[in-house]
Amino acid sequence: MTSAITEQLLKAKKAKGITFTELEQLLGRDEVWIASVFYRQSTASPEEAEKLLTALGLDLALADELTTPPVKGCLEPVIPTDPLIYRFYEIMQVYGLPLKDVIQEKFGDGIMSAIDFTLDVDKVEDPKGDRVKVTMCGKFLAYKKW
Amino acid sequence: MTSAITEQLLKAKKAKGITFTELEQLLGRDEVWIASVFYRQSTASPEEAEKLLTALGLDLALADELTTPPVKGCLEPVIPTDPLIYRFYEIMQVYGLPLKDVIQEKFGDGIMSAIDFTLDVDKVEDPKGDRVKVTMCGKFLAYKKW
Amino acid sequence: MTSAITEQLLKAKKAKGITFTELEQLLGRDEVWIASVFYRQSTASPEEAEKLLTALGLDLALADELTTPPVKGCLEPVIPTDPLIYRFYEIMQVYGLPLKDVIQEKFGDGIMSAIDFTLDVDKVEDPKGDRVKVTMCGKFLAYKKW
Amino acid sequence: MTSAITEQLLKAKKAKGITFTELEQLLGRDEVWIASVFYRQSTASPEEAEKLLTALGLDLALADELTTPPVKGCLEPVIPTDPLIYRFYEIMQVYGLPLKDVIQEKFGDGIMSAIDFTLDVDKVEDPKGDRVKVTMCGKFLAYKKW
Amino acid sequence: MTSAITEQLLKAKKAKGITFTELEQLLGRDEVWIASVFYRQSTASPEEAEKLLTALGLDLALADELTTPPVKGCLEPVIPTDPLIYRFYEIMQVYGLPLKDVIQEKFGDGIMSAIDFTLDVDKVEDPKGDRVKVTMCGKFLAYKKW
Amino acid sequence: MTSAITEQLLKAKKAKGITFTELEQLLGRDEVWIASVFYRQSTASPEEAEKLLTALGLDLALADELTTPPVKGCLEPVIPTDPLIYRFYEIMQVYGLPLKDVIQEKFGDGIMSAIDFTLDVDKVEDPKGDRVKVTMCGKFLAYKKW
Amino acid sequence: MTSAITEQLLKAKKAKGITFTELEQLLGRDEVWIASVFYRQSTASPEEAEKLLTALGLDLALADELTTPPVKGCLEPVIPTDPLIYRFYEIMQVYGLPLKDVIQEKFGDGIMSAIDFTLDVDKVEDPKGDRVKVTMCGKFLAYKKW
Amino acid sequence: MTSAITEQLLKAKKAKGITFTELEQLLGRDEVWIASVFYRQSTASPEEAEKLLTALGLDLALADELTTPPVKGCLEPVIPTDPLIYRFYEIMQVYGLPLKDVIQEKFGDGIMSAIDFTLDVDKVEDPKGDRVKVTMCGKFLAYKKW
Amino acid sequence: MTSAITEQLLKAKKAKGITFTELEQLLGRDEVWIASVFYRQSTASPEEAEKLLTALGLDLALADELTTPPVKGCLEPVIPTDPLIYRFYEIMQVYGLPLKDVIQEKFGDGIMSAIDFTLDVDKVEDPKGDRVKVTMCGKFLAYKKW
Amino acid sequence: MTSAITEQLLKAKKAKGITFTELEQLLGRDEVWIASVFYRQSTASPEEAEKLLTALGLDLALADELTTPPVKGCLEPVIPTDPLIYRFYEIMQVYGLPLKDVIQEKFGDGIMSAIDFTLDVDKVEDPKGDRVKVTMCGKFLAYKKW
């Protein structure tokens, strides 16, 4: 599920006691994007890789791997069993078609890009129990006719 | 994939030329939630069902079905083939583990509820191409120890 | 696998003895795109729907369905059994990773869009046996960092 | 997913800083085909293997493996999760039946060979965003009757 | 699993008491190929369709469907449960890799075509129990390099 | 996919430069059967194992494994991705039901045994391209009534 | 899961109040085999079909279907959910490899035929709770070498 | 598929030249049950483990593992490919519903236990070919109503 | 997913405005068991069927179906998508092995019967939010040795 | 299926001869929850980890892993083959829809949380055979409307 470099990065982060939020400030990139570099889902630039490895006290030779476009997708089995991750599958099952209709009513036939795309996580404090806010924002791509 | 009542609702909506955004104003509920009633994923109250059926010019006897908790989940096959819906599966595949780490760093071991949960779609205008903004907001549920 | 409207369109086309290539000239759209309207994979504009239905001698009331964004993806089972279609799955299995490496070497981390995308089929005459030429051309989308 | 020899070849190529395009010129074979040798999907001749290993500064004893017909197909799970590769699955899902109809209208009942087959990748520069052009060209094989 | 026309053809054949072997003589095509027309896996020419329908005493209007290239593959689930058909899956499981090695040793890297292909069934009488002989003969297709 | 002993046998065979056809003459067994011993799908007698290991210059202690009935079936995933092997799956998909009908018309309700079974591969020279001939011959087993 | 004729047979049997055990005496065939004719898994002879239909008071025209070799296998999904039937899957999972070893130790490399095969169900009375005894008896088939 | 201890037990048994039938006499347990201990599907008592390990000349420290209730089920993939084991899957597919009907006619709604259960293998000599007899005997468990 | 009789029963119950709890008092059976009769998972006795149909004002002829042991298991796909039902799958995924260890430590090698089994649902009022209490109670079945 | 730390914990527990019930008293947490820490499904606090490791005589450095929120879900394949665990899948298949109806009748549209959730195992002594009692108690979460 996770490669050797992911284990190394997570271990070093734990040993240093650094949070993703702190890495966000060091690198000038969002914490979710940085976590996606840890899991080899995103490609760092040489500068980003160097900053990250330095912050974690790791060998700069690892930059080579972090700057190579990875083979993406990291969950097994195809329907994930981890409850936190599964909820996103459930949201897609329950709200997938409604979402499709609302998006297409607003934009026409097309999709929200998952490439030209950002993803943020915020904590919304609430006396009845804090809430997790996940914001996805992707470019609308209209189906081309030819 | 879609039941008979879903077809009826969608057809009536098209015939009336009403949008989900207009239904949002009529019912005082979010357009995504209303669309999820169309697809029999959410349960309307008798008043909501009546307002909706009246707006669409449909028989009020259909309220019976709309107010019964449905068996949820409406996509086939288990990995959806529709490109708009698939992108949410892809986001889960690519950003699932990073999301999990960031959420757990902020909140501890637990999940974002998909039940005590809201989902909004907004259009973000952008000269380089408009963007789809999807905001998910669910209560954080910590794993209980016993 | 194919909906009622698809059957109607194919039947009318056969009865009229019109080819996709002839429809290409009538509609000013590529034959593959037109075939994808037949299979409810692409959305026609009201004008395109009218022209198509007129050409096929069908009821213009069908335009309603042809202009609604469809739930896309039309193959069962998930690995198609039809030999012509399966070959595209095989090409992806055999040449998928090589393609990924070559595309990323030329463009960086990202994908070829399947939305802002065109697809053409040509017949290449060859004394040793004619060849099928399939040309796919999609916008390169670079992974956004945030 | 990738065998030991694939890792060795990719590592050596990165260390040497050679691109697939440069290897294309050295070997007189297309870059996609060469990449498919890297992933053990195609079989090199002894001369091609020797040229390739020499260019990469690797032990010529590896030629033995590169010249053996491999067990092909290299993606897991059966529906690939990598977004770049998945798009080809999506194209097959969305445009598979339309493609089949257009090809059979032009050629009769049969298939495009994936064996007597070539595959090219080109960069099409475009001010609105460069485009990836993938050209597949396979011999048409008509179904034999007997 | 089987379409309406298949049911009609099989029923008429049973009612007429004609065997596939007798149809072989009437049509001048092999009995397996004729059976594959029954199951809508092969495409008949107009003459073949007419002869077949006449022999079975069926409406010639059915010729239209029999002369259209079908979407092929007719077994569910993906691993067939019928014992006669399953044995061919088992042969592929048990002897697939040995077959691959022997074929490639004799021919080089490539495949046996399943398109330019014939399939015959013979009864081999044997005092210890008659034997079924299935002969497959397909053109060898060598992998093209480019 | 292939066990350690398979790798050893294939490597030794390559090093010695012996073909399966030559082994056929040495052992007095068909080349396909011998290849199936290599892949641990068939069980050799002690004499056959000794002859084979001697011919390949391997340690006779390996005979122990070659003479133990193996757990059979060696392909992953359940629908094989290798094009040569997949074609046999495709033949089963396309011609499975026609084959069943023709065999049962000739023999009654029952199957072709895949156990009391032989499998041969021949090269049929042909000016339009050589052909692969695969001959399967299995005992017909009628369903017993009781 | 069950075809129209199966429903008819079961309904008539219930209406007549006949048990499979009584049908066993009427037809001179085992009750399990008769039940397998009901589910279109076994093929009756014309005499057996006639006797059965007469006993159930059904139209003799149904004999046509009962005497045609069926496409066998009747469970969905591939791992059955019915607890009584699932236990046989579980027995195969838990005792499959032990059974294989014991059978092969007694008989050599081969299988127990599921075609030349009988299956009986008996009730074993026992004060601690009656027991179900299922006896399977199939011809041993040794793997042929060639 | 098989754990380290299974390999050790099978190897020692082969080296000693002991059969499961001989172990049956040494341990006073059925040979199939003993084979199921080998495959870590059944739990031995300390005395049984000691006797077994002594008979095989293995370290008594292994008793620890043999006396721990195992995670059961040992076949991959979910539909086994080994022909001997697959036949039991086929029997369930073909005779599953008939068996269910006959058992329920004799016993009412319930199941044959696969836990309070025995399984025997016998060789039935027969001039037309020896037969494998597999006898399963499980307690009938009636569905409790509450 | 649900058969015709299930729809009839649920509709009549809704029309009558009766709850499962009220049916529990009328029939002297637990509400979950009664609901399982509605879904054709449990078999009613003739008296229970009569009481139930009378209470719901339905035709007593339906008793025939309610008293026949059903083919059980009613969820599609194999991993259910409905969130309420999925949580039981999740509990099995997350707590399955811990449960197994604790049960086997208390009882030895064996299982909790799902046949000699009861299942109750209670509402536990709680100021922080009411709780659902599900109590499963099944006979322990020890693995028999033989 | 089980990670290295799980093996270490189980081994140490066996060596020390401590039961989960005894650990329950030492840690002041339920035995099932403690077992779920062993299988890396629940996260211990530093104090709990220290107490547990001390009780088992293991290196306190392992606390690091035990206090990190794990990727949860530990069963393979997706439908578990172990009979004890499978029974929970079967209960969900057979009683899933009835449970859903009863819970929703008592509580409205929503779910039983599997996060704010407890799980207890008790032994109920019974002269006819002891019974396993599994009590699940989760907060009811009503679907939020927005």
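Labels A, B, C, D, E, F, G, H, I and J are assigned to the chains in the order they are written; within every chain, residues are numbered from 1.
Going forward, a contact is a pair of C-beta atoms (placed from the backbone, for glycine too) under 8 Å apart; a residue touches a chain by one contact, two chains touch by 3 or more.
Remember, predicted model here, so these are calculated numbers, not experimental data.
**Student:** Using the contact definition stated above, find the chains touching both chain A and chain F.
**Tutor:** Chains touching both chain A and chain F: C, D.
**Student:** What angle of turn lays chain E on top of chain H when you fit their CA atoms, given in steps of 5 degrees?
**Tutor:** Rounded to the nearest 5 degrees, it is 180.
**Student:** So the centre of each chain is just the mean of its C-alpha atoms; given that, what is the distance between chain A and chain I in Å?
**Tutor:** Their C-alpha centroids are separated by 41 Å.
**Student:** CA centre of chain A versus CA centre of chain B: separation in Å?
**Tutor:** Between these chains, centre-to-centre, one finds 22 Å.
**Student:** Nearest whole angstrom, what separates the Cα centre of chain B from the Cα centre of chain I?
**Tutor:** Centre separation, chain B to chain I: 29 Å.
**Student:** Between chain D and chain E, what's the gap in Å when you average each chain's C-alpha atoms?
**Tutor:** 32
**Student:** What positions in chain E touch 2 or more of the other chains?
**Tutor:** Residue numbers touching two or more other chains: 1, 33, 71-75, 77-83, 90, 93-94, 97, 100, 104, 110-111, 113-115, 117, 119, 141.
**Student:** Any two chains that touch count here, so list every such pair.
**Tutor:** Listed by label, chains in contact pair as A-B, A-C, A-D, A-I, A-J, B-C, B-D, B-I, B-J, C-D, C-E, C-F, D-E, D-F, E-F, E-G, E-H, F-G, F-H, G-H, G-I, G-J, H-I, H-J, I-J.
**Student:** Using the touch definition up top, name the residues of chain F that touch chain E in the complex.
**Tutor:** Of all residues in chain F, those touching chain E are 2, 19-21, 31-33, 35-36, 38-39, 41, 72-75, 78-80, 82-85, 87-107, 110-114, 117, 119, 121, 123-124, 126, 128-141.
**Student:** Which of the residues in chain G end up touching chain F in this complex?
**Tutor:** Against chain F, the touching part of chain G is residues 29-30, 33, 42-43, 69, 71, 97, 100, 104, 108-111, 113, 115-120, 141-146.
**Student:** Per the contact definition, I'd like the list of chain H residues that touch chain J in the complex.
**Tutor:** 64, 68, 71-78, 114-115
**Student:** Can you check the complex and tell me which residues of chain A touch chain I?
**Tutor:** My answer: residues 79, 81, 83, 86, 90, 93-94.
**Student:** Spell out the residues on chain C that touch chain E in their complex, using ranges where they run on.
**Tutor:** Touch list, chain C to chain E: 1, 14, 77, 79-83.
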